[in-house]
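In the two complexes below, chain A is the common chain; its partner is chain B in one and chain C in the other.
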Partner chain A sequence: MRAYVPGYEMLAPKALDEALGLLAASPETLTPIAGGTDLMVLFECGRLPEGRYLSLWQLDELRGIDITDEFVTLGALTTYRDVRDHPLLQAEFPMLCAAAAESGAIAIQNRGTLGGNIINASPAADSPPALLAYDAEIELVKKGGARWVPYRGFHLDYKVMDKEPGELLRRVRLPRRKDEASWTHFYRKVGTRRYQAISKVCFAGLAQLDSKGAIKVVRIGLASVAPTVLAAVETETALIGQTPSAKLAAQARAAMAKDVTPIDDIRSTAEYRRHVSINLAGAFVDTLSG
Partner chain B sequence: MADPKPANANKAAGPKTKAVKAATSGSSKSKAKPSATATGKIPMTLSVNGKSLKVEAFPMARLLDVLRESLDLTGTKEGCGEGECGACSVFMDGRLVNSCLVPVLQATTAKIVTIEGVADGNKLQPIQETFITEGGAQCGICTPGMILAAIALLKKHPQPTDAQIREGLSGNLCRCTGYMKIFDSVRVAAERALANEGASTP
Partner chain C sequence: MIGTNVPRKEGIPKVTGAALYIDDMVFDELLHGATIRSTVPHGTLVDVHFEGDLPWDEFVVVRASDVPGDNVVTMIESDQPFLADGRIMHAGEAVVLIAHADKDLVARARKHVRLEITPLEPVLSIADSVAKKATLYAKDNAFKRFLVEKGSTKDAFKADGLTIVEGEYTTGAQEQLYIEPNGMVAIASEKEGVTIWGSLQCPYYVHKALVPLFGLGADNVRIVQATTGGGFGGKEEFPSIIAGHAALLSWKAGGKPVKLIYDRAEDMWVTTKRHPSITRHKTAIDAKGKLVAMEVDFRIDGGAYATLSSVVLSRGTIHACGPYACPNQRITAAAMATNHPPHGAFRGFGAPQSIFGLERHLDRCAAAVGLTPDEFRRRNLLKPGQTTATHQVIEEKIDLPAMLDLALKRSDWAKKREAFEVENAKEGARIKRGIGLASFFHGSGFTGSGEVYLASVVGVRARQGGTIEILASSTEIGQGTNTIFAQIASEALNIPYEWIQIANPDTANVPDSGPTVASRTCMVVGKLVERGCRQLVDALRKGGFLAGDGYDAKQFARACDAYIFRHGKLEATTTYTPPPGVEWDEKRYRGSAYAAYGWAVYVAEVSVDMLTWEARVEHFTAVQDIGKVIHPVLAAGQVEGGVTQGIGFALYEDVVWRDGSMINNQMTNYIIPTAADVPPIDVVFHEVPFAHGPSGAKGVGELPMDGPAPAILNAIEHATGLSITSLPAAPEVIMAAALKNAAEATHG
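Showing the complex of A and B:
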């Protein structure tokens, strides 16, 4: 069933200020639309609620990738294409580039945005695991106010976020790390097909060993294993300060079993997802022990 | 991603996704009925294949429908209508997009190129020639999208590896050819480009 096109209004302000003013005037009834790669799929099958939409696509203030010594900051409208083509992101945040390169196919990557991926809040989204592993922070803006919040903790429950109606996601920033060579990035997207397939499990692990070979920093993000994208806190706690070994891999597997609460759906079963995430936790530790 | 609950859209409509009235015939042709939020069709200008064209359309109408139904540019095809098949591919500011997922209002600021804008009059581009010589087209529904995706691919990787060809065309589905002849068409176009380059550079 197709949507009834006249039932949709769309506003396309030229400036962010104007957009925030419009949102402040009707925070509950004006819905942002960025690249439309999630919303227009719903539109096509008649499941997108009729009403008023706020186009963000033309807002240049939400575009661009800025680099300082401390952070790489990406505008909410940064597309998968922008991410995967960026040399500094490739060098320092390869898991985000891998996620971008494997999200949809080229035409989706030219329109799908990081902001849309975050706010669509699908538990199966592919960039969040990397964003969680890299300790991303996000900036939410509304008329007369802006706040930075850690991305960990933003998704509260299935499709529930720490975001007020009328707030826009403006940008995402990733803290840069020193000594790139001392870090391990471990990214796996498990799906039915390499491109254009939604993940059954997506795993992003980041770790740094100290001079004695013990795990100094470890960060793990997952998708499709819980009602929201997930930071694997139990597994991180089990690994921190430990030296990678076969025994530690077994402990990581046990901890991961506690982190995940997957479900059965059309793409996979809870049982399969549990197995895969546990195996990936073990494989991540194996990679660290070289 | 066919995800049933975009968070904000839900908030906008209250807790449940509101049922949407079905359009009778092709979405952009639906007659305007009075609706709480309808603003009616709005006049807009689209830049398509180098021409500035005036149309009246609902802002949320799919670029695909406006091209096909209002502008009679029926080279752009509809396969799935949900971003999976690439039959509706066009260029927006030089980037390949699925026109079935673009609300037309967002296309008013862009330079659009459709399959009709690829050949120069009757002079085909090399990639169009090789789709003919290598048998890359059968029923032809996927072909416009395949050719545009191949052009995007060859722009990025003028001498693509097989893996790059597969990735570059991974968003374009074909139900007829089995893909091998499409991959051949791209490969041969790249080889000819290389040969021509060799011939023209001493």
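Showing the complex of A and C:
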């Protein structure tokens, strides 16, 4: 282990109010830590900055999955394990369950949280593409206030979020859809190996066809192809209102080429990520045309 | 006892956690060490600065000037220092050692030692080394060159009617990734001498390196193996350096114990990896599909110091023409110096690299003469009485065509090949499937006269009650040494397996039975165990303690007791003698390169997703002749593990270099296959007993590493028509080939 342990201080409040108070007192210097599946890796290899950390793990107010007719609402500390095992999520939000099932090993799934996955803001995070496709909203809370914002638009740039210092992510909610049979979910994580892999490209596409077979709703989220997780707006625009066909697949491919801005890194190349994103966009449309 | 699946000797302590790995061992007044390393690949050391708000006066600090003896790692050549002194030859090279009782403080302090280095132009590829971008070793940057010649390829290429096929094949570095990172504890002082406990494969290699480091007598240096969590060659030569470092710190600290444990990042950054290679082939085939001439040029990246590269090169060279009959063969080979950390021993030791080139090339040769890969090999496989590239006459009773047939049958080769071709040809087939094979061999034991020079020794000691202790320096590193030695002894003595104990490798107690490498432990050292046991029985018979032809365990126990009562002790010592007819001409590189070989035919079935260019191995068939199988479960485990490592080598494992350092030195980003990436593996032993192995056994450790990569890439070519010639065949590589193919098709 490379970390100098005395260089770290960890606060571990048991109530959300207390945590928000601590954050309000030092919003710039106190870093929240949820499941720790990313930060503890940095800690082990000596790359986690020394300083003060706020453990959220004991905040039971951030746990639980709540279901109404309109929404499924997940506490920020909902683990991948909670997600993958949940029957309603499996039925209505299968791409989120697939993302959870393909994140890390079982131990990581038991510990890693949905909120941590969002706020850690890795462009390679696995659950955000599905959250973008399912049009998630997130609730940010601070001492004396809370606000719901659309998840789409939350990530502004690499590790930059539309979030004030002192704000914590409390909940994530997913709007429930009707007529499940009319929807198509297309999810593909392209990792460095089958499991226990970080994504080279992660693609989540959701679409609904109208009675005439035209695309009525379409949302596509991607990871690892831009400085942030990405909503493929160009591709969505190219598809909306159109009827799936080979020609439309080609248009989707062309639009996807404009959406993504991948880079070369330790795991893959920009060229590979671009080609795979384009191929997956085409395959998504092929799936819609049956 | 031979051929049965007895419980592993050290299984229970390992499973219950009672076994002590090096980091589990507790010492009073322990200091924790750390190594300060260069981050530049080539340069001149100007100064060392101890910075930060740290109590530097409390630290033990060792530099090159503190070395009491020779600052050189004694191996084949003596060119590598324990601590760099002046010239920096690779990133990760050790320059300063520090130690302190407070482990946290060591973690902080290691970041505050700044090395001031003036950079020099680095050499970071085989091509740049050959081009002498900088001179690193001798005049031509070659640590070693070999020439193997049979017949005349030059004349043979002149004949009419031949098909000539040329090709170039490259392989990258590969990390062993043993589960337990390297680590050592040392207690060293002028008064007490040097004692080392550690994770290692070869106690006497460490011993040989530490004697001159301290200028001590051989008896004043003692090396003890701790329970070791895997090696795969990665703990063959490098542990000498860690042991030396820990001992230097302890020496400077006045004999306080010093623990030096690498974390994964350090282990992957600085310790040895498989040598990257380039193999070039030029091959002539006649109208009957027979190999007429083979020219091979084999080059490896040795890294910054000579270490074991010459021997790795030797094995790669000898295996470069494979188990094929061909009258004219010429192999040229060179191990080149670069500013990478020295590459070193890794399961297969050069053979996986040259066999990859050969077996990929043979598929292209087959296609060039219009034969299937199996038929082309069938026409050229070695038969008893024919010779290898080194003129070795094959005397083993092998039947390679029969092994080929068995592998084809088990894998359903013909039917699958045809079915895949039909499916792949369909419009818009997203998943393409293919099947490919490789046939190959792997020499057991040290090369040429190596075993004669080693002159390994094994001791067998009887105790009161007839229990037996085997004394050897061969280490248990997870592969089953202790278990098979006990089986061999139990069989030879006709006493229960439980009566056999294996002494822990400790140079103060066991003789030098050579290193635990080169697929030699079972065949070579196991044979010495068998002979030692037979000598023991002979002694009991000659002394009249055992009468008649047969005896049971009780009679044996009584005989031992009586002998020991009379003579005080009952021991036997055996020393290696080569099997008759094994002769080697080191100068011309000719003769019996190995006393025996393992032989194999492997078949891989793959799928390639054309959306993402991800290749997966869907099924694997591994047919091999390793002689008599001592322990079927352990032997199958060796094959399954080797195939898995071969799958990693083929598809996933990619050391990413930047400025001479591995930058993906974490398990998150250095990708080895998990269970989900490994297919069902059909392991088949075609047992042909070898006359000079224990109960007919040969080596198994390395053979399974040689065949998977070419078989898998041959299958990818069958599936996609894409000829991948470099490893690993990552999706990015397959994509590049596919796009190039598509572009060529468009432009006609």
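What to note about this one:
Just so we're on the same page, the second predicted complex is superposed on the first by the 289 of 290 C-alpha atoms of A that agree within 3 Å, B and C clash if a C-alpha of one lies under 4 Å from a C-alpha of the other, contacts with A are read in each partner's own complex, and residues count from 1 in each chain.
Here is the rule we use: contacts are C-beta pairs under 8 Å (C-beta built on N, C-alpha and C of every residue); 3 or more make two chains touch, one makes a residue touch a chain.
What you see is a predicted model, and the numbers here were worked out from it, not measured in a lab.
With both structures placed on the common chain, the touch criterion links A:Ala3 to chain B and to chain C.
Once the two complexes are overlaid on the shared chain, A:Met95 sits clear of chain B and of chain C alike. Judged by the touch definition given at the top, the superposed model places A:Val83 against neither chain B nor chain C.
Of the two partners chain B and chain C, it is B that touches the larger number of chain A residues. Contact with chain B, but none with chain C, is seen for A:Leu42 once the two complexes are overlaid on the shared chain. Shared-chain residue A:Ala207: touches no atom of chain B or chain C. When the two complexes are overlaid on their common chain A, residue A:Ala283 makes contact with chain C while staying clear of chain B.
Using the contact criterion defined above for the overlaid structures, shared-chain residue A:Ile198 touches chain B and also reaches chain C. Contacts of A:Val260 after superposition on the shared chain: neither chain B nor chain C is touched.
In the superposition on chain A, chain A positions 1-7, 41, 44-46, 194-196, 198 are in contact with chain B in one complex as well as with chain C in the other.
Contacts from chain A toward chain C in the complex involve residues 1-7, 41, 44-46, 188, 190, 192-198, 200-201, 266-269, 271-272, 275-276, 279-280, 283. Interface of chain A with chain B (complex): residues 1-10, 12, 28-33, 35-53, 55, 57-58, 81, 104-108, 110-111, 119-122, 124-125, 159-161, 165, 194-196, 198. Contact residues of chain B toward chain A in the complex are 1-13, 17-23, 27-28, 30-33, 35-40, 58-62, 81-84, 86, 89, 92, 95-98, 100-103, 105-106, 109, 149, 152-153, 167-168, 170-172. Chain contact summary for the complex, chain C toward chain A: residues 104-105, 107-108, 110-111, 263, 265, 430, 611-614, 616, 652, 656, 663-664, 666, 668-669, 671, 673-674, 676-677, 731-732, 735, 739.
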